[in-house]
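This is the structure, below, for whatever I ask next.
The letters A, B and C name the chains in turn, as written, and every chain counts its residues from 1.
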């Protein structure tokens, strides 16, 4: 439990420069309208497929997305500014994870409001040492 | 590690994340004899999906690089100038390793590509060179569906047999700190799991591979070297004769299995 | 540093005016995070693609800042709204060494 709360505290500290642009801590934001596709068990930490489907609240459209990996040395994995005022958006990419963790997706809308959702994964590594 | 993952799930306050789709279903091996399965059967659904579409498959980048190298559209000396269209080289990848009378050793396709490139104004260096691997990928892609056709001409049959026997001996000899022979896992324990790995019979039908944990393409030479480190044995240098002998043995063992073309691995 | 980086742009989905297709972009860039060391123990300097911008008919539609958590080869898929007149989707990238590249595909209704 201690390790987990230390990791969470560290993650939050690392997020500090980034959370300064957010209105609230991530876990207080609503996750409505966000669907994440992320494997529960990742084949390898070096390439974890990630998909985010975002539907904007009615009357609003999407302006920006952030993908955050709190346990990575550089937690801000990807930041997108979106033009064209979409109400639906699907983002797909592949991420490198330093350790098992949750990926966070933050969606920013045109009125400045934010929503966030997260999905956990456990990194599996190859059973045999690879020194090739 | 699993415990802290579980606890951090609790911490995040959501055990029933209805908005998260589990991308990978439980991995299942097909029914039937396991010892004839290629590595393809051991891919997770997520990797199978990635491989199935050229627009998501990382190997597409290497294949496109190879096509442009082959035809010389980037303004350099091209393979096509000597070899013609790549379609005419369809059988090339099925015939390696070969015994080179000139070099008095077994050579594989990547060795041959390196040798060929020495005759051009742009000689390539290193078995794991990106261009070598991309050309190997293209040639194996052209051979997809064809079985290995390793054979020796009459005049070198004796030497051939010596190499094949050496490969068979390596496959069944214990090595490394773990004191294991290849056969212990890849013949006797196929289908069993080690951590999150499921042991395959180790057939060489999917080379060159894009291994996600390498984040790059790699040859059979590299993968076999990784096997040596896997049993904590001294890793042979790239191009070592034992690696070619093992490759020869593995392809003989896989006689009749079709080449799958360059494949993804985790 | 100056070897050309191969990129690939695929536009997938049914192309209908007013509809949406998916642009799938990938680049064979080493994406060196700056954390790796080579065989002699020397740190490999950071060199990643840090900016990717997508244009539809020369209008910016997506502006991405990439971090070291992006895999090599880089893969990014995003939606593109299909205009009635069709057009060209262009994706440009830039890395830490200053190298840049661009790829484009035509949207045909």
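In this section, a residue touches a chain if its C-beta (ideal position, glycine included) is under 8 Å from a C-beta of that chain, and two chains touch if they have at least 3 such contacts.
Quick caveat, the model's predicted, so the values are computed rather than measured.
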* Based on CA centres, what chain would you say lies at the far end from chain B? -> A
* **Chain pair, A-C or B-C, that carries the greater number of C-beta contacts** => A-C
* Counting in whole Å, what is the centre-to-centre distance of chain A and chain B, each centre being its mean C-alpha position? -> 33
* Hey, how far is the Cα centre of chain A from the one of chain C, in Å? -> 19
* To do: Just give me the whole-number Å value for how far the CA centre of chain B lies from that of chain C.
  => 28
* Considering chain A alone, which of its residues make contact with at least two other chains? -> 46-47
* To do: Note the residues in chain B that touch 2 or more other chains, in rising order.
  => 215
* To do: Hunt down the residues of chain C that sit against at least two other chains at once, touch-wise.
  => 24, 71, 75, 77
* To do: Over in the complex, which chain C residues touch chain B? Could you list them?
  => 4, 6-8, 10, 12, 24, 26-28, 31, 71-73, 75, 77
* **Contact set on chain C toward chain A in their complex** => 20, 22, 24, 33, 35, 59-71, 74-79, 81
* Structure fact -> chain A partner, complex, touching residues on chain B are 1-2, 4-5, 7-9, 11-14, 17, 19-24, 44, 46-47, 50, 194-197, 212-215, 218, 222-223, 225-227, 229-232, 235, 266
* **Footprint of chain B on chain A - complex, ascending** => 1, 3-5, 7-8, 27, 31, 34-41, 43-44, 46-47, 49, 51, 100-102, 117-120, 122, 124-132
* Structure fact -> chain A contacts chain C in the complex at 46-48, 67, 69, 72-84, 86, 88-97
